[in-house]
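Going by the order they are written in, the chains are A, B, C and D; count residues from 1 in each one.
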Amino acid sequence: MTEHRFTPTAYHNVLGTLPPALRIRSGDTVVTETLDAAGFDRESVQRASSPNPTNGPIHVEGAERGDALRVEILAMRPNRDTGWTRQSLAANVVDPETVRQLPRPDKAIWAIDPDAGTVKLKENLPGLENLVLPLAPMIGCFGVAPELGQAFSTATSAANGGNMDYRGFGPGCTVWFPVAAPGALFFLGDCHAVQGDGEIVGTGVETSFEVEVRLTVEKGRHLGWPRGETAEDIFTVGNARPLDQALQHATSEMLAWLTSDYGLSPIAASHLLGQVVRYDVGNVYDPAYTMVCRVAKRWLPKR
Amino acid sequence: MTEHRFTPTAYHNVLGTLPPALRIRSGDTVVTETLDAAGFDRESVQRASSPNPTNGPIHVEGAERGDALRVEILAMRPNRDTGWTRQSLAANVVDPETVRQLPRPDKAIWAIDPDAGTVKLKENLPGLENLVLPLAPMIGCFGVAPELGQAFSTATSAANGGNMDYRGFGPGCTVWFPVAAPGALFFLGDCHAVQGDGEIVGTGVETSFEVEVRLTVEKGRHLGWPRGETAEDIFTVGNARPLDQALQHATSEMLAWLTSDYGLSPIAASHLLGQVVRYDVGNVYDPAYTMVCRVAKRWLPKR
Amino acid sequence: MTEHRFTPTAYHNVLGTLPPALRIRSGDTVVTETLDAAGFDRESVQRASSPNPTNGPIHVEGAERGDALRVEILAMRPNRDTGWTRQSLAANVVDPETVRQLPRPDKAIWAIDPDAGTVKLKENLPGLENLVLPLAPMIGCFGVAPELGQAFSTATSAANGGNMDYRGFGPGCTVWFPVAAPGALFFLGDCHAVQGDGEIVGTGVETSFEVEVRLTVEKGRHLGWPRGETAEDIFTVGNARPLDQALQHATSEMLAWLTSDYGLSPIAASHLLGQVVRYDVGNVYDPAYTMVCRVAKRWLPKR
Amino acid sequence: MTEHRFTPTAYHNVLGTLPPALRIRSGDTVVTETLDAAGFDRESVQRASSPNPTNGPIHVEGAERGDALRVEILAMRPNRDTGWTRQSLAANVVDPETVRQLPRPDKAIWAIDPDAGTVKLKENLPGLENLVLPLAPMIGCFGVAPELGQAFSTATSAANGGNMDYRGFGPGCTVWFPVAAPGALFFLGDCHAVQGDGEIVGTGVETSFEVEVRLTVEKGRHLGWPRGETAEDIFTVGNARPLDQALQHATSEMLAWLTSDYGLSPIAASHLLGQVVRYDVGNVYDPAYTMVCRVAKRWLPKR
């Protein structure tokens, strides 16, 4: 297995079938530095434009339509000491009549201390003087080229992944994407130092990062939607609007997983999900919302 | 403060302005035994009919429109050794094309051991042989009479509470409901031994319970939606379809709470929520879905 | 058959199981004067309060749960020469980010000339100087008591009808409501001189009316949702949020109607609906939205 | 002005920034033959694969981001004597619990007589023996390349148009698309001999067509969503899920049009829309639903 250091010469605002910027073998690791959502790098120099310029595509040898690309998030470290957020709840996460009460969505700056593992608003706002958040890195936007030669903006997400903005996509998490194009064509960008559920101000704490991932092809998995695993859980991801439909996608994918890989009948899978399932709201801001369907591994039968 | 033991002579399938079955003073506690969702009691005798027959209404002296009724869930103990669930995912939580693959929604029986604190499916299904869930009692349906003399089925929920089916409504949780009718008129029923997020099989483990609550009037709170508190969190509750709208209600109510009671400006509240908010899916099965907006108390300024 | 002139002594803000204000026999006609949505009568005197105070309930002899109440709208005539509207698009019918651009939802006054059959804004606004609309009376809110002893605000609607705000409910239209309570308990109010699709400013031209309806019990019809008929069409009505669900209700009810009463197989009904169905947006403003599924009678087989 | 006869050598399943297949000048007309949704031509030979293979892209000289491409649908004539439909309501247009009652979505064949102007199911189904529909040609899928170098499947639609499946897109209709890529890059396919509102069986009567359009660049129009005009109406189009959001897009675009081009204030535009607007459901089947916001020209001020 090879470790690649990947320094892009161009960044992309779509996930699509673009010429590979890097070719690797299945099981290789890649270390790369991502720009923030507005395209600024570790030196706070703008290298690309909004939305969410991504590194890639990375072509993984042997990946074909019907396979899964396993992405292990091995390490994430912010590489500058500030990030930014919007300072207003997004208009679509409050009651329509409440929109007029929202402040203007100007930017605010946060201090990031990777060594202390903290994130803190730079401005001193009454009531937030003591708010020091633990650094909780996550990848906002990653995925593979979608099917049919489509290309989707890095502002949104679909079955191929994309801008899911789920705070669970941090170090230690493994994600599987359904491969649609030869080589999978993996893209990665828009990392956050911390983010609440839903990305309801339209951002997490947006900054540049050094990220290390391992990319591995799993043949013939035939996934419908992204799947994931952490130390405690397995999970599936649905991306759509409204949230109800994102939840339907994620739940249907989990039902498929439990019945195909864990030997559960539809009745047994229903019983299990009915009493132990957890849902996480990934994002409710982007054009497609993200809902995660999660099951603790302690409840699963041995595979 | 008085402790009342309340044994209903009738049960109700609506939350509305009905004649009080019990009159108490603010701060009194009530111990009562609830039927299961289908109306069966501790002896497995059917005492009332579906959906979710409730105990009440309890008239709390001094409660008026604009007040809040604080409900402290002091204790919950199942009082029989079985509960039941449906054995199929609900049709509305999977992709429409997946509905045809679902099993029939027949009932299944679970064994409940209150002393061991466990819940286990009685039937031995492959893969679930070792599934022993911890008892996690919760109130499925509770709330007060809605405004305008309305009366809502105990199958659904609204600003006055009702059938929210949120697994967080267990012992140790405090909930505030917006009072609309004189005396608040509190109803309670449909308790579950355990339930996953969303109540996605249409039930938790449905059984009869002994429940103890303390009911206290807080004057002039002017809530829009139910609010709650646990040892770790404060939270707000939105009930509506689609989930997006339930989330909007809950988020707007949290914004109102943070700005009115915690001294945060809309900008400060946005910053806080944006980076620390958590959403829980209460139910995605009932006519109104339930979304919970939750903030850990450790991040809140002192009130 | 008797013609009743019904002058209410009280008005209601809910549709529910209230004591009958009038008792009639099936097939009788009723003439009554309705208040406008804010409770003002023909003399512009406020007789009741918002929302949408209704006349009723009218108890129709012999109506029982499972029956349908047929309501023929025989005549509607505004009985004063002004009506009012709100002057802003509702916040929920535009993109969330557009809400801030909306004007304030103040009231505007319109002149109504029943003899000329015209409705015209009283204020002279640039571009609307020549806007003279044809009088197009419709009933905003009507229906019967809902099931289970529920009572719903006249601001919303459900399977029992209510505040559907569909411009098709005018003279010549016949509507069937599913009876849930003995006597059906019919309510009527909130008539409009004219209204666009969706009631997207939150009102039609709101005014007081004299309305004549004939109420007839049809035994054992077992409707799920309101149905209707005009000279050209049959139609079904779904009331829910989001619009998608209202459309699902209306379409499912039409499928049931075509297969049970018109002898069409599910395949034949699908073919017919697929190529000739029309949908009308009733309202997209009220708590429940209204979608109408409509089929021209010229395409229907003989019953 | 030149009339081009365009015979594609390849067909496309995406709308995106692909190499132009034809270059024309603004104001030129194009006559082309389209395949049906499954890729079959006038001889019933399959020339391309699903979904909805399109002719194009046509590069229109001078079109730049911010411009509008005006598409006049001059003529449409089916060029074979059969079309096909699915024979079942789609799963997503009925209540989730009703899905199990739907027939299988097999294909059915219809006879098309362009000279008589009729469309008739070939199979004789009880109740449909006399169902002869008037030929009502429409374009299911057309539009321009989306922004940012994106490429969207011809199964769906967005701000750039696409598979909107609106029965109003027939001869005599003019449509404007927001240009995002140089030359606009116009695509066209998936024409229907007739279709009901919503495309609720997942198809209209799908067949191959000869279509004539005139393509004209209008500089600097800065549309947000497609707009259209017929002899009677102007209209705007929103494409999204749920229907509520499609309606919000269409209504916001109409508000923008009325205030920018017709000199109406937001208040005047609200008054006009509130009392005269009509909504048409384009499709409720495709990944993005389509809602049309329509105003009769008789109510508009002179421009």
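Please note the rule applied: contacts are C-beta pairs under 8 Å (C-beta built on N, C-alpha and C of every residue); 3 or more make two chains touch, one makes a residue touch a chain.
Only a predicted model underlies this, so the values are computations on that prediction, with no experimental measurement involved.
Between chain A and chain D, the least number of touching-chain steps is 1. A count of C-beta contacts for the chain pairs B-C and B-D puts B-C on top.
Chain centres here are Cα means. That of chain B falls 47 Å from that of chain D. Chain C has its Cα centroid 34 Å from the Cα centroid of chain B. Shared contact sites, meaning residues of chain D that touch two or more other chains, fall at 92, 96, 241-242. Taken together, the chain C residues at the contact with chain D in this complex read 85-89, 92-96, 98, 101-103, 108, 119, 121, 125-131, 133, 194-201, 203-205, 241-244, 247-249, 251-252, 255, 262-281, 284, 289, 299, 301. Chain D contributes residues 13-14, 16, 147-153, 240-242, 245 to its touches with chain A in the complex. Note for the complex: chain D touches chain B at residues 90-92, 96-97, 99-100, 242.
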